[in-house]
Amino acid sequence: MSLIVIFLSIALVNNLVFMKFLGICPYLGVSKKTDMAFGMGLAVTFVLTLSATMTWIINNLVLVPLNLEFTKYIAFILVIASMVQLVEMYLRKFYKALYQSFGIFLPLITTNCAILGTCLFIDLWGYNFMEAVVAGFGGGLGFTLAICIMAGIREQLELADVPRALEGAGITLVTAGILTLAFMGFSGMVR
Amino acid sequence: MRNFLKLSWLVLLCAFVFGLLLATVYTSWQPRIEANRIAKLNRGIRSILADADSIRADTLQVAAGEVTEPAVVYAGFSTAGEPVGFVFHAEGTGFQDRIELLVGVDPAFERYRGIAVLFAAETPGFGDAIRDSAIFKSQFVGAPVDPPLSVIKAGDRTKTDDPEIVSITGATITSVSVTTIINRRVETIRTPVQEMARGAKAPAEGT
Amino acid sequence: MSARATTSEALTGFVKNLWAENPVFRALLGMCPTLAVTAAVKPALTMGLAATFVVVCANTLVSIMRHALTPHLRILMFTLTIAVFVTIADLFLKAFLPDMSEVLGPFVPLIIVNCMIIARAEACASKKPLFTAVMDGFGIGFGFTIALVMLATIREILGGGTWFDFRVLPTWWVPWTIMKLPAGAFITLGLMLAVIVHLQRRRQKPPQAA
């Protein structure tokens, strides 16, 4: 499969948020303001690309040859947690401005299921190294797209007259449902 | 060193205990997991080659672009030792996710003997029907390998000896994916399987 | 604290987690599996029980070692403990319920990053004695299961006319396929939250109703 197809597939057709229900917590939690959402999206893209690469390397060069695949989940979550720590420390030391813009989201990312989920899906789909890197990056961008669209809608929703029982999480979920319907249009595009 | 131990003895202890625990659990359940996988594969092969008395797995070299890669082919033999068909894996992308099929052909590689779904995560209620719909799967039984399979939206679902597969209502893309996966796989695996089929008879006659 | 006080505290915690502080409906935790595995009741129930197993075991262990936890290693230990029990649950499903394991797929390992479990380890198990922590685990696990099964019931009945694979609606019922799709999951959960909020509000203001 060509890399472009993989990229489009994971960014649009199999969008993590809409089709795989990954990263719903930040999707509902951090999507009140567009700039916050964008920061979160970038942080996720960054960490996801790195962890997809790292977990692929560890899984295929260490765990599979040693027949230790059953410890995969533990290995993955530890890799992701240390990746997040590393990125946080690195940014704080060398890129102060960048750290201030999305550093606050980094600790939240360890428990973002989009990261672990994508790494697991990459393993399940049996991607090779380049495909894994592209899928990680594409998945992150797809997440950014989803969370930014959601934030844009929610900024408008603030002004809308929502039934009182639906206020807050209710209307956000219904909106997400309608957005998902829209994204279903991409299904089957990649074959 | 002492400081290091003081800070991390809990982590080290837990890592040791957890490792032991996981290893025990894994070694005691692994045979069962493996048995489940084989049972599923066997059910798939049996559903296609119901008339086979014995089934033998062979590994063939199949062209994949420039290089060749190994592919497992299951050959079914009747009680008389005659080959009754071959089953091979075929994999590709469906509407949403990966689809993994078992495809059966007759010994001459002229007609399909049927398909079985090993993995599919298509839309529930629509594309997922490739797993459960007997009438969809039955259309492959007896369909010719040449010309390639094609999908039509409406037609006689009970007519099986033509290359036209009537798609599942509301899941045309999944149906097309299935036929594309099969056609693509047949292109590369046909020659190796036919070569094997010619060889397969000789030892069978001996036994 | 006397033994009786501990027991009653544990029981209150258990009951509270079942509904009043239900992880899904009240706290909005563990949304990913809630949405992903509730297309039918059977996977939803399996998922709920698997999560219950993990949260009870993790709470037990965290509570036992709560005095030894140092602040900077806390989260690491939580994650490690949870990951181990999730792996065990996953192996169990693969060995004894292979069909369910296939349907749930990567959503079983994703229990690791279910914020519900890590939140309980942090908020309850690392502070409370063993019995309270275990009961809290059972409460949160069953609360999660109840929420999942409720959502799955609505989705499976409307989406396929069946419940637990038994046909409950007559065959002339035209299934609302959207209920089985991701979009249906979001919308159903949104409307369920609305109903719960509405009922809550009505109960809080009895003088106006009277």
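Think of it as A, B and C in the order they're written, each chain with its own count starting at 1.
Following the convention adopted for this analysis, a residue touches a chain if its C-beta (ideal position, glycine included) is under 8 Å from a C-beta of that chain, and two chains touch if they have at least 3 such contacts.
Remember, it's a predicted structure, so these values are computed and weren't measured experimentally.
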item	value
Farthest chain relative to chain A (centres taken as mean CA coordinates)	B
Pair joined by the larger number of C-beta contacts - A-B, B-C	B-C
Geometric centre distance via CA averages, chain C-chain A, whole Å	22
Chain A and chain B, separation of their C-alpha mean positions in angstrom	31
Distance from chain C to chain B - Cα centre to Cα centre, in angstrom	35
Residue numbers of chain C (touch at least two other chains)	76, 80, 84, 87, 91, 105, 181
Chain A, residues touching no fewer than two other chains	19, 70-71, 74, 124
Sequence positions of chain B contacting 2 or more other chains	18, 22, 26, 123
Partner chain A, residues of chain C touching it in the complex	28-29, 31-33, 35-36, 75-76, 79-80, 83-84, 86-87, 90-91, 105-106, 109-110, 112-115, 118, 178, 181-187, 189-191, 193-195, 197-198, 201
Residue ranges of chain C touching chain B (in the complex, touch as defined)	39-40, 65, 68-70, 73, 76-77, 80-81, 84, 87-88, 91-92, 94-96, 98, 102, 105, 159-160, 175, 177, 180-181
Residue numbers on chain B that touch chain C, as the complex places them	7-8, 10-11, 14-15, 18, 21-22, 25-26, 29, 32-33, 36-37, 40, 119, 121, 123-126, 170
Residue ranges of chain B in contact with chain A within the complex	18, 22, 26, 30, 93, 95-98, 123, 173, 176-177, 180
Parts of chain A lying in touch with chain B, wherever the complex brings them together	1, 9, 13-14, 19, 70-71, 74, 124-125, 187-188, 190-191
